[in-house]
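Each of the next two complexes has subunit A plus one more chain, namely subunit B in the first and subunit C in the second.
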Partner chain A sequence: MAGFEDFFRWLNDHYGINFSFFYDSFDRDRLLLGIWTTVELSCLCLVLSLAIGVVGAWLQGSRFTLLRRVMQGYIQFFRNTPPLVQLTFFYFAVGGLLPRVADASGQAVPLVSSFGWAALSFSFFAGAFNVEIFRAGIEAVPRTTIEAAESLGYGRLKAYVYIVLPLAFRISLPALNNNLVNLVKTTTLAYAIGVPELLYAAAQIWSEQFNVWEMMNVLLVTYVALVGVLVWGMARCERALRIPGYDT
Partner chain B sequence: MLKSVIATVLGIAAALGIFASPTQAQDTLAKIKAKGVVVVGIKNDYKPWGFLDPTGKVVGMEIDLAQEVGQKLGVKVELLPVIAANRMEFLNQGRIDLIIATMGDTPERRKVVGMVEPNYYAGGTNVLALKSAGLKRWKDLAGKKVCAVQGAYYNRRVTQLYSPELVVFPAVPDALNALQGGNCVAFLFDNTLIESTLAGGDAKWAAYEMPLVSEDPQNWAIGIRLADLDSPFGAMMKALSVEWHKTGKLIELEKKWGIKPNPFLTAMHEKYKGS
Partner chain C sequence: MIRSDLPVLLARPPALVVGRTGEERSFDCRGILRPRTLALLATALVVSMIAAEAQSQGAASRPGILATLWLWTPVVFGGFLFNLLTSVLSMALGTAAGLLLGLALISLVRPVSRSAWYVTQFFRNAPWLVLLFYCMLLLPFEVLLFGQTVSLPAWLKASVGLALPVMANVAEIVRGGVQSIPDTQWQAADSLAFTRLQTIRMIILPQCLKRMTPPWMNLYAILTMATTLISIVGVQEGLTLTRAALVADGRVELFVPMYLMLLMFFFLYCYPIARWTIALERRFNVKA
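And then the complex of A and B:
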């Protein structure tokens, strides 16, 4: 282990190639926390945005005009504004209006932390796209299939859960892939409100060690790897869900 | 197939700037004079060193210094706002010719940029916090959320010594907003900026104070490219800095911008007065 650290120290001293996080435990902890925070934030947003997408697409087909209008408003708002603007709006504008709560040490702290705002805001942002992606999938389910379900006595909710959604989900998967990959990359914006994710950690390190070139490469490689894992998982999911003979 | 793969890899490498060579050492003084303009990296969020006046113009003590440099060179001054995290890159890439942006003179930074001596100012580290937060000693920050600004030299030192949970923002206004929103108990910064923020008399800072003893005194320096340090440009900047101390120019500007008299400037004036 010591030899490993010495190698990177030597690399820095002799060639000016400074991967400080390999020999400086302070930088290493920061970078690991950054990777962990990015993974945590991404997973949370993936799950939340999928839930929003599924429920939202169902509400979009609701019989109540008001519900449909509210859904439409939500989609328009979150799809038509930049995610960075939404994030800073939530954190600085909305966050300041919410009541404070006392934390363990008795200090009054905001109700929602910066991590919480990032998770909420990115989920709503990606969720708005997911609603539309699922809607496209739902509309591709043949009308006759739904009629067949109705004739078997399925109500609207039951037909949605058991017949429409499973088919629509398969049709939506390629577009969903795209959106979820974008979501993982969008988490870098949390940097603007001080969430210690990967870009934040890298920026802290390079502004102290001046190893911008090295950290940029580390960032690129790490994101390629993270998104690679997601794409691989989604591709497996797509294959596992394939219905023989239902290829469109 | 193989050929196209190699071509692609080379193309990406070139696009990423892997083949780009660092800026060559050149006679910056002659270049500035030929262009007729000197580009200075300054702060625009750091009252009263560099900030926006109500008409949107950048003004402040460091802007005055930049104008002095322009006058000395007999060229126009172009101001480019920078932040702590990008100013050294801008300088080394050649986007700016010098940095006058509240830059602390540290040994690590000296490896990357040339620091003009003598230093033109000195600050320390302190925090801005609500009076009701009841901070007394630096140790009180342990485990608490403390807002800070990216790229500041004291972030690491304070984290290692007193282990607060730092929440670091890209710029000063963001961090101050977060402090006012209650997202952190204190704002870690230069005592000079905190003093001038509090002295500004703005009602929104009435409930705030600078509760700790300023630590880690740090000199500020004008930054130029390392290659320029021993060139005519570097020599001129050093002479100019000596002149500012000798004539009391810095003390005069400090008074003009309502900054609390700094013992560092008085001592430097005494030192160079007779020379």
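And then the complex of A and C:
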């Protein structure tokens, strides 16, 4: 381990290639915290946006016109405005209106932290896309399948949960895949409101160590790796869920 | 069938809805939505202004919220116009580079197509903001061109930074478009003694153009929304100016209406593009 650290110190001294987080424990902890925060934020947004997608797609098939229109309004609004402005709007404008609460040590802190706003904002953003993706998947489920379910006495909700959604989910997987990859990349925007995620951690390191070039490449490689893990996981999921003979 | 991987707009198959018993419900929101959403947005803006007005009752000497908002509108709109300018520039750069990269992707020379594939995947999978930082921090602020020192202003570097992911996405669109053309077209061209270059230029590309337009427009809408990212790397645009205006005015109750106004500018620009894209997709019947 010491040899490993020494190698990077030597690399810095002799060639000026400064991967400071390999030998400096302070930088290493910062970077690891950044990676962890990015993973945490991504996972949280993933789950929330999927939930929004499933519930939203169900609401879109509702018989109440008003409900459907509200959903349409939500989708169109979040899809056609910049996520960064949405985030700023939530954090500065809406966050500013909310009351402050006392935390454990008695200090007044905002009701929702910057991490919380980032998670909410990105979930709404990706959720709007997920609703559309699931809706397209639901529409691709053959009508006869739903009729068969109805003839077996399934109600609308039951048929949705047990028959339609499992099929629709499989059909929408490729599109979902893309959207979730986009979501992971969108988490970098949290930098703008000071969430200590990967980009923020890297920016802190390069502003102290002046190793912009090294950190930039580390950043790119890390994100490509993170996205790679997600894509790999989704591909496995796709394979595991495949129904033999049911190819779309 | 085009293999677009832009998740934004999925074509609607003939509306088939998980209805309750019997009736089919169509979700053609073209008619319903345009005025409704606008009305909703306008209502939100008005409500936020009334709320802000109520909040600011204490200070009667200052101008009303509406007047203040009107005062700052030219500033915010000017910034928004700069966003549009950046988006057009980045799109032009990205499309030109992407077209070349896309042609390299379908090249028969293995090393060329292989390396083009790696470039495409890399720029598509890296976050836009990271690429933007990359360009801002690592490109020099001036270059020596033919013995002349040419300075690279920040907005130009930012446009290049945004053009990189656009390039990769355009390349994929080109590849998808070319692959969607039936093989028989290639064979027919072969039998008429067209060279490969001639086939691509005179037979394949003109046919792809129609199919590539909807995803390309889609990408443009995404890019327009991404132009706000350049505020993070210190280029003045709509979001920066909105924030500056808010700081200059120093009124908390102005936050919600101001940001809503900026959001509305973007919405008014991007939403018609989205509708138009869907209409084009229907007309060309790309994903039927």
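Please note the rule applied: the second predicted complex is superposed on the first by the 248 of 248 C-alpha atoms of A that agree within 3 Å, B and C clash if a C-alpha of one lies under 4 Å from a C-alpha of the other, contacts with A are read in each partner's own complex, and residues count from 1 in each chain.
Methods note: contacts are C-beta pairs under 8 Å (C-beta built on N, C-alpha and C of every residue); 3 or more make two chains touch, one makes a residue touch a chain.
If you're wondering where the values come from, they're calculated on a predicted model, not measured in any experiment.
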Checklist line | Partner, of subunit C and subunit B, that touches more residues belonging to subunit A | finding: C
Checklist line | Partner chain in contact with A:158 - subunit B first, subunit C second, else both or neither | finding: neither
Next item on the list: Once the structures are superposed on A, label A:84 by its partner contacts, choosing first (subunit B), second (subunit C), both or neither.
Entry: second
Next item on the list: Please work out whether A:96 is in contact with subunit B alone, subunit C alone, both, or neither, and reply first, second, both or neither.
Entry: both
Next item on the list: Using the touch definition from the top, say if A:61 reaches subunit B (first), subunit C (second), both or neither.
Entry: second
Next item on the list: Report for A:219: first if it touches subunit B alone, second if subunit C alone, otherwise both or neither.
Entry: second
Check: Between subunit B (first) and subunit C (second), which, if any, makes contact with A:192: first, second, both or neither?
Finding: both
Check: Touch check for A:138: first (subunit B), second (subunit C), both, or neither?
Finding: second
Next item on the list: Using the superposition on chain A described above, determine whether A:242 touches subunit B (first), subunit C (second), both, or neither.
Entry: neither
Note to self: Contacts for A:207 in the overlay, against subunit B (first) and subunit C (second): which applies, first, second, both or neither?
What the structure shows: first
Checklist line | On subunit A, positions contacted by subunit B and by subunit C | finding: 92, 96, 191-192, 203, 212
Note to self: So in the complex, the part of subunit C that touches subunit A is made up of which residues?
What the structure shows: 5-13, 15-21, 25, 27, 29, 32-33, 36-37, 40-41, 122, 125-131, 133-134, 137-138, 221, 224-229, 231-232, 238-239, 243, 252, 255-256, 258-260, 262-263, 266-267, 270-271, 274
Check: Quick one: in the complex, what on subunit B touches subunit A?
Finding: 84-85, 88-89, 108-109, 111-112, 133, 143-145, 147, 150-151, 153, 155-156, 159-160, 167-170, 174, 177-178, 180-183, 185
Notebook entry, point to check: Of all residues in subunit A, which touch subunit C in the complex?
Noted result: 60-61, 63, 68-69, 72-73, 76-77, 79-86, 88-89, 92-94, 96-97, 129, 132-133, 135-136, 138-141, 143, 146, 150, 156, 159-160, 164, 175, 178-179, 181-182, 184-189, 191-192, 199, 203, 212-213, 216, 219-220, 223-224, 227-228
Margin query: Taking the touch rule as given, give the residues of subunit A at its contact with subunit B in the complex, in rising order.
Written below: 26, 91-92, 95-96, 100, 105, 107-110, 114, 191-194, 200, 203-204, 206-210, 212
